[in-house]
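For reference, the structure is listed below as structure tokens.
Which chain is which? They are A, B and C, in the order written, and residues in each are numbered from 1.
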Amino acid sequence: MTRAATTFIAYGMLFPALILMGVFTFYPVIYGAYLGFSHYTAADFGAHNAPRWVGLENFHTVFADPLFQTGLLNSLKYLAVVPVLQLVSLAVAVLVNQKLPFIAFFRASYYIPVITSISLAAVMWDWIYAKDGLINWSLEALHLLQKSSAFGYLLNTDTAIWAIMFVTFWKGFGYYMVLYLAGLQGIPAELEEAATLDGASRSQIFWRITVPLMRPTILLCSLISTLAAIRVLEEIIVFTNGGPLNSTYTGLMYVYSKAFGLDFNYGVASAAGLVIALVGFVLSYLNFRLTRESGGEGA
Amino acid sequence: MRPDQEAQARQMRARAVVRKTFGTLWTYAVLLAIFVFAVFPFFWTLAISITDKTVASGISIYSFPASLLPRHLTLSNFVEVFNTFKLGKYLWNSVAIAGLTVVGTLLVSALAAYPLARLNFPLKNLIFGAILATLVLPQETSFIVNVLTLRDLHILGTYWGVVVPIISTAFGIFVMRQAYLAIPATLLEAARIDGASEMQILSRIMIPLSLPSLTALGIFTLVGIWNTYFWPSLALITNQDLYPLSVAVLTLKGQFNYDPFNVAAGAMVMMLPILLVFLLAQRFFMRGLEGAVKG
Amino acid sequence: MFKKLLAVTLMALSLGALAQQKPVQIEFWTWYLSPKFDPFIDGVIKDFQAKYPNITVKHVDKQDTIERDFQAQIALGQAPDVVNFWQDSTFAAAQAGLLRPVTDFTPVAQLKQLYWPNVLNIFTVNGQIYGYPWYGYVDQGVMMYNTELVAKAGLDVSKIKTLSELLNASKVVKQKTGAYGWLPSVKDPNGASFLGQFYLEGLPIYDKDGKAAFNTPAHAALLQKFVDLMKADVIPQDLLRKEAFQLTNELYSQGKVAFIVGGPQSLNRVKDANKDIYSKTKVVDAPLGAAKVQTGGAFDLVIPKASQHPSQAALFALFMSDKTNQAKFANVVPIVPTSIGSEIDPILQPKAKSTDPIDIATSRVAGAGRLINPGFKPPKNTQAVYKNFNDNIEAAFLGKKTAQQALDDAVTCWNANAK
């Protein structure tokens, strides 16, 4: 077959994938960036007006908006879930990485939250977090809580965001457990056996052997987890829509509600999205640096 | 060995056995605790969905511990959500959207992966690089632009509007490329000598031999799209008649606020099929990405 | 040449006529009416389609996101044609320039023959009528109560004549039974409910220049009273997140609320959810606030400017809200008809002699249409001003601001924005 024919066939087969990616993945990034510097609202869109270049005006609007500041701060707060989630997932992976009867059953059951839709999680956890819900009932039964001082966890400005983060944790630990399990296959069993013979405790083995050897996987997982945290949106929409009193209003929630809430200001929304993207980029870089440096000390 | 040494050794061995037994027990206690943590929301919701709410007066999902272990069971909540909420309609939407997405993803990925794995053509590496680059592109604003694009294409508020933007993924193409790379080159050479066209090679050799990977990719895609909330809620913002269950279940919560038993039944209708798929195809999930690549 | 031109013109005209004949579909939104009232709504739609075979109606029900979805669909070029709003959302949408005045389709004189003038007045924004009145409600229509809970609390219902007595009774109910008494609406989405509490107690919303003036010590004291009640769990904190109407239905059916004050439409849901509690329910006159006024409001059918088929939409809105269909609706659920003549329609049988709680309640409110009065008009820039108001009320309930501070802030924002 001639080279030209091969090229023709190759591009023919790639065509559907490339055109779709071009239109729905690359174009939105470029056009979205352009919108960030443009005046563009639903009214313009309806009237078929082109976006009008306004330079940094949208960014001024965004930074001057206290709601955006609240959102950005809450997104950063959400990062607190990352270290807990990663450490626990790694520990659980180590726990289920043993040859024991029924271990496959436990492993699989830990994955069930991962395949549970966030909207179902919202339905279920809403009942758990309610004032008369499961958590408060348990605490009251254990005499840890007076009925009179009980409150709904999603209704309290101090607890709502943590309650949602806890669901992220619940939904996520099985996922990272699987990724860590794959990484653990690479650690020779002899290392741990030798350490056990030397009288090392489980926690010593975990901190001195497992964690350092798993650094590449931890780096990857923390990166995924960090980016997911800074971009948190779905959880917020289904649980609280940003309330109570904007205490769960995140950065991307700002983007979403500027675009499809009551404003329909695509320009300002895109500008805010770009800021979040930049924050995500900086965090990825920091994450990379941090994991490398702490690795340097450990070795 | 002196007798006292022997006794000491025996004692140490015994202690080791005790320690090991205790350790195992402890391990199982922890395993069990995490198990309860992972699945209790599911079991509680299941319990609520089959509670017969007509039995006692003033029955509430918050009367513990009764609501965890319902005494009178019924399936009437399920009948009720199907009848009054038209749950069947949303179930069908979910099936249609999931079906189109899975078929679309498999088709696009299986086609695109072949030249990337097995043909030589100009700009091949650049294209593969660009596809992989989509994994790290900042997509914070993409949903805005995509909604506008869908409207311009006149498919906003249709099944296609949900499906078309999400079927061409780096993950899918990557998985299929790895599968094709694992097929011996001699098979292809033989087919080419026999005069088979590239399309025939793809459909008669590559795809049949990559069935495990296709299955894995299909299952991952299915679970993903079945559960997604955000994108369908946006792509169907103008036509909520087409909402899949993942979105409709929250509408259900709005409409049946006063009747959590029906909401729980709706939740279970959405959860059970995916749970079944998961239980049947566990191995793919438990191996992570590897599961998809190796099938 | 002339002939040719004539032929083309004729063709164009006949095409135009054809286009008019072409079947059109209109999209009709209801608000919180599905699935409960689907049989009624679908029945009316069927009648309408039989009368106008060229128009088909697609029914969609919306919940708490109705205003968001409304704007989204207009923004994305797929506007609905007939939308079920209520006074505040009509006000907001009309101010935003999203609605057609209904007088574009129906002359004022005709409207005045069809609907109660006080209800038309509710939907009048800057001198234009923006909605076909549909069903109304009264906030203090009747009081329904769970006899078992009330007996357990040792209360005498005939002694509850004012809202503050009702709140005191609620304290007793909470103390003696653990259930809630009455759930007042303090922060419903899509409105500014606490203003209603002020109004009922005779506290003014505006001063005589039309400026917001609800931050006197008396206003603050009333808000503080409610804040304290929520702190003591006499009224549930869930009221900050859910509509009081929805929450009341939910909890009353579980035997966790003793009183429902308002339109008797709640009873239908109770009847479905728990027959036992329904059978223990009695109906009496509702207690009133210090102002001794009854408030109420109405839902309407509006036509968006962006509708592709406004005249067909108007036809449907008129049909849906005519006196026969409103009477039919009132027969299904005890709403207050807003059309003149529904209350004497033979469909709406007098039910005064029945012992069924719903029948009693229906007969008590059916004729209340001419009395519906929300008490005050929403401010300009409704959406932003109400959101700020609600945020401040919530801040007070959550203890983030004192009652006085919250009201001061709300008044400041109100007077700055509602110009």
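Here are a few things to note about the model shown:
We take it that a residue touches a chain if its C-beta (ideal position, glycine included) is under 8 Å from a C-beta of that chain, and two chains touch if they have at least 3 such contacts.
Every value quoted in this text rests on a predicted model; they were computed, and no experiment measured them.
If you draw each protein chain as a dot and join the dots that touch, every dot ends up joined to every other dot. The chain with its Cα centre farthest from the Cα centre of subunit A is C.
Ranking A-B and B-C by contacting C-beta pairs places A-B first. Centroid to centroid, with C-alpha atoms defining each point, subunit B and subunit C lie 41 Å apart. Averaged Cα coordinates give subunit A a centre that lies 17 Å from the centre of subunit B. Counting only residues that touch two or more partner chains, subunit C has 72, 76-77. Shared interface positions of subunit B, defined as residues touching 2 or more other chains, are 60, 147, 237.
Each of residues 45, 130, 260 in subunit A touches at least two other chains. Within the complex formed with subunit C, the subunit A residues making contact are 42, 45-46, 130-131, 148, 151-152, 154-157, 243-245, 260-262, 264. Against subunit C, the residues of subunit B that register as touching in their complex are 53-54, 57-60, 84-86, 147, 151, 156-157, 237-241, 251, 254-255, 257-259.
Put simply, subunit C touches subunit B in their complex at residues 32, 34-36, 38, 58, 60-64, 69, 72-73, 76-78, 242, 246-247, 249-250, 253-256, 269, 273-277.
Within the complex formed with subunit A, the subunit C residues making contact are 67-68, 71-72, 74-77, 233, 236-238, 240-241, 383, 391, 394-395, 398, 400.
Interface residues of subunit A facing subunit B in the complex, by the touch rule stated above, are 1, 3, 6-7, 9-11, 13-14, 16-18, 20-21, 23-29, 31-33, 35-36, 45, 92, 95-96, 98, 100, 103-104, 106-128, 130, 132-134, 137, 141, 170, 174, 178-179, 181-182, 231, 233-234, 237-238, 252, 255-256, 259-260, 266, 269-270, 273-274, 276-277, 280-281.
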